[in-house]
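Both complexes below contain chain A, partnered by chain B and then by chain C.
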Partner chain A sequence: MPLLDIQDLHVAFGGLPAIEGLSFALEAGETLALVGESGSGKSVASLAMLGLLPASARVTGAVRLDGIDLLTLPPRERQLRRGRDIAMVFQEPMTSLNPVLSIGRQLIEGLPAADRETRQAARARATDLLAAVGITAPARRLDEYPHQLSGGMRQRVAIAMALAGRPRMIIADEPTTALDVTVQAQIVALLRDLQEATGVALLLISHDLALVRQMARRVVVLYAGRKLEEAPADRLFAHPRHPYSAGLIAAIPRFGAGRGARLAEIPGTAPGLNERGPGCVFAPRCPQAAAICASPPPATGVACHFAGGAA
Partner chain B sequence: MSALLEVEGLVKRYRVARGRFVQAVSDVSFSIEAGEVLALVGESGCGKSTIGRCLVQLERRDAGTIRFDGMRIDTLSPRAFRPLRRRIQMVFQDPYGSLNPRLRVEQIIAEPLVHLGWAGDQRAVRARVFELLDLVHLPRTAAERRPHEFSGGQRQRIGIARALAARPDLLVCDEAVSALDVSVKAQIVNLLADLRAELGLAMLFISHDLAIVEQLADRVAVMYLGKLVEIGDTGQILRNPRHPYTRGLIAAVPRIDGVPPQDALLAGEPPDPAAPPAGCRFHGRCPRALPLCTAEEPLLVPAGAGRKAACHYLEPAQQGPRIALSELS
Partner chain C sequence: MLGYAIRRIAAAVPVAFCVALLVFALLYLAPGDPAAVMAGDAASPADIEKLRIALGLDRPFLERFLHWLAGLAHGDLGTSVFTGLPVSMLIGQRVLATAMLMLTAMLISGAIGIPAGTLAACRPGGIADRAVLIGGVLGFSVPVFLIGYLLAYLFAYRLGWFAVQGFTSPFVDFVGFLRTIILPAATLAFAYAALIARITRATMLEILAQDHIRTARAKGLDEAYIVIVHGLSNAATPILTIMGMGAAVLLGGAVVTETVFGIPGLGRLTVDAVLRRDYPVIQGVTLFLAFLFVAINLLIDLLCAAIDPRVRQ
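Moving on, here comes the complex of A and B:
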């Protein structure tokens, strides 16, 4: 049984669909990436899993953690399970840090009761966590405040806080997007090392294909609220089967391509929430689009009439 | 023939507290020829955007000279600068914040023309607006609409059309494609490359994205903590970086395939610009730093093949490309 199993997830705001029929599963210890551009629904999907969407959102489908559907649980129990098993790392580290509390106090608050039996034990565990995310002089840092840290350090602390509760899975939503390239590379290396050391599963949410390439074993490609393709990362980058995946991969600027090399473009822009019909959502921008694309694409495998059946 | 733009010894300070200053730009010199694209790269806070803002007088420089077409422009009053403002235009990062939401696209694009005294000739203005919409591949019907009706990429096209309205000689692009989605980013990068070829525009292309810089720029200037550390031909700098910082920046470029040289990955982050380290500003993060580096600031000196670098111990020059390009792409 997968750790997390999303089945036919639909999310709508005011009758407009933000996510339509999303299904995927995350195995224990695995890294899976949800890739998409703005408006693809990738962040909405993660908030729906955590039950963090506003009450105005209409959510249907199933989000099973260890086989138990979180969407049908009473809020209190859902919160309990979610807090125990799933942690979140956001793009902006200050989303999860409180500016007026010391780093140590915030880390200790997130520790499970067993790690907090004595003050010394709690401080020791918090120090270990900071050391694990590569913060030098961790014991001294416990008494500092977030504003005393650089952006990269804050993201390291946010990751330490995510690890504090010994979760089985971390959802990382654009964890490196707000950071400089040199620091991005450091955070990528850190997340990879931590995953190897702790065996935590990682759901990476990103628009950055290069980041996804470096971190994920498997990739789900989202576009305009729908899943277009799911594949092992190696396969996807070598042989994308959906024309959108192919276009997206071709559009990445390749370092080393030389001057004057032209980028492959995808013409047009993604459809808004009110511009999505029953047919293929990518058809208006697709070089292969034909009359048949006005009808719904295959519901399983690659979501393209021309991709030739199951994935 | 003199360069289109010549910047010499540029200094820009900001006061952060009483008696405490940050030198955002510290003694920077470079030039841009007519029709040339110079990229300015570096981490956030290195001063690259401040330089762009000084060129169009969004900021006043504290010391140094800026010459445009042979004329000193840094000493001009805002009024005296106005006629030159037409020839130096800026494209901003945020296509949402940089367009007035209350104006129609036609009014936005025509704004520079109105300042040039075209206001009396509505027909000429409209004809030029259509010409510009064609140039940036937007439908002419866009003229009647307002910014909120457009996506990020389309808004960036509107911002580019506005910048081109007065036929500038130099375009300052400040992270002009950074906020865009991958598929749309490619469209705008290609558009800029085409416009440059079609119109013979010179550009200062401020960016942290080396893969895009590689495709657009003739020359690259690398900044660290307010200082220029290396400048020269794009191919030279990116294939055979001689400053250890440039080498670290290149190693950090996320790659779709191929593995960057791990030994060059930089640790740490840039220090507080309000209290820059003594000696070489990069020494705290430099894998090659030696005692001299903490004592003495290296000068930007010729480092072969028309390039300059500021390092006491330069990376070895061309012995065949240090990083084979075939391994990267």
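Moving on, here comes the complex of A and C:
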């Protein structure tokens, strides 16, 4: 049984679908990447898994963790599982930490009761967590505040906070997007090391394909709220089967492509929430689009009439 | 923190000086001749002129101001024209009642306004939110004297739970103090609580939508804990700052409230002094209240710095 099993997840805001029929599974200790451009529903999917969407969102389907559907749990039980079963690292380290509470306080409040039986034990555990994410002088940092740390340091603290609840799975929503390039590489290395050391499963949400290629074993391609393709990372990058995946990969800037070479792009923009018909959502921008694309694409495997169905 | 406190206190000194200058200038420019008032209706122009020279009222503005300032430095606010008593003594006799009235009003307003505003912000458009909105408009638009007389009629006259008039020192008789202070403090608290509730609601709405609140939720923390610890700790600075500025509303309301409830406080002293054109008293009390306002805001700034580490920087 997979650790996390998402079946036919639908999310709608005011009748408009943000995610339609998303299904995928994550094995224990695995890294899976959820890839898509802005507005594709990546973040909505992660917030739906945690149950952090606003009350106005309609969520249906199943999000099973160890076979238990989180969507049907009473709110209180769900709340207790957040941070313990599934933890999350957010995109923006400058705003995702509370500015008026010390780092130590924010770490300690997320510890399971067993880890904070005494004040000393809690502080010791928090110090260990900071050390584990590569923060120097961790004991002293406990009494500092977020504004005293750089962006990269704050993201390390955010990762330490995600680890605090000893989760089995971490959702990292664009964990490096807001950081400098050199710091990005450090955070990527850190996430990989931590995963090796703790065996935590990682759901990486990103539009950065270079990052995905480095980190993920499998990739789910999301577009306009629908899954277009799911494949092992090396297969996807070598032989993308959906035209959208192919377009995304072709658009990765390549080193040594020569001065003046044009970057490849996918023409047009993604459809808004109210522009999504029953046919292939990518058809308006697809170079291979034909009359058949107005009908729903295959429900299993690659979501393209020309990809030959089963993955 | 200590460095910030010293800087902040140092910055209050020029403010206090400007306040003193303004208070002095205001009465200097005000129409009416103090010497004529003091001399009485029967005095001849020559008598008035003699008195004016005796009081130093014929000296130039700057000289009079410096003279007054020198007196201030010694705690000498002048002498009341009407009673012949030192102004500092008059203030000293009455400051306790006003201070207690304001303090109690602040406590009541905070205890009502902050939870009400927080509840409203947790469910925008909900019952609490609408109640705060309506209560806010009422609290702000109903005049203080009307609320005062209504409360006094209902709770003191009809029900007899509280005293209708007067003031008892808490150091003499605490129960008596409560019986005399609660109604006037509640009267004064109306507008102030409305102000606090509205600013709390607006601030909390903004803060509860911030990223770090989402982080706190992702940690699996209790919603009540998130709102109180993560939300209010961030909202404290703007709420306290508005409370400090709103203290002016409280000072103004105290004048009316003390009159309605017959409390021998600074507000009454001011009203009486104005009616009698007792210039030194008006000047002294105005200056004292202005300094009080500066001191309250200084205290609040220090409190904000204690709560928010970014302010201390």
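FYI, the second predicted complex is superposed on the first by the 307 of 311 C-alpha atoms of A that agree within 3 Å, B and C clash if a C-alpha of one lies under 4 Å from a C-alpha of the other, contacts with A are read in each partner's own complex, and residues count from 1 in each chain.
Keep in mind that, in the parts below, a residue touches a chain if its C-beta (ideal position, glycine included) is under 8 Å from a C-beta of that chain, and two chains touch if they have at least 3 such contacts.
Predicted model only: the values in this text are computed from it and were never measured.
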{"item": "Overlay on chain A: chain C relative to chain B, clash or fit", "value": "fit"}
{"item": "Touched partner set for A:186, first chain B, second chain C, both or neither", "value": "first"}
{"item": "Chain B versus chain C as contact partner of A:119, first or second or both or neither", "value": "neither"}
{"item": "First (chain B), second (chain C), both or neither touched by A:161", "value": "second"}
{"item": "Chain B versus chain C, judged by how many residues of chain A each one touches", "value": "B"}
{"item": "Degrees between the directions from chain A toward chain B and toward chain C, using C-alpha centres, nearest 10", "value": "80"}
{"item": "Touched partner set for A:150, first chain B, second chain C, both or neither", "value": "first"}
{"item": "Touched partner set for A:264, first chain B, second chain C, both or neither", "value": "first"}
{"item": "Partner chain(s) touched by A:80 [first = chain B, second = chain C, both, neither]", "value": "second"}
{"item": "First (chain B), second (chain C), both or neither touched by A:110", "value": "second"}
{"item": "Minimal inter-chain CA distance - chain C and chain B, angstrom", "value": "11"}
{"item": "List of chain B residues in touch with chain A within their complex", "value": "43-44, 151-154, 181-187, 189-190, 193, 208-212, 214-218, 234-235, 238, 248-258, 265-267, 269, 325-329"}
{"item": "Touching residues on chain C, where the partner in the complex is chain A", "value": "210-212, 214-223, 225, 229-230, 233-234, 236, 307-310, 313"}
{"item": "Contact footprint of chain C on chain A as seen in their complex", "value": "50, 52, 79-84, 87-88, 90, 92, 95-102, 109-110, 145, 147, 158, 161, 164-165"}
{"item": "Residues of chain A touching chain B in the complex", "value": "37-38, 150-153, 180-186, 188-189, 207-211, 213-214, 237, 247-249, 251-267, 269-270"}
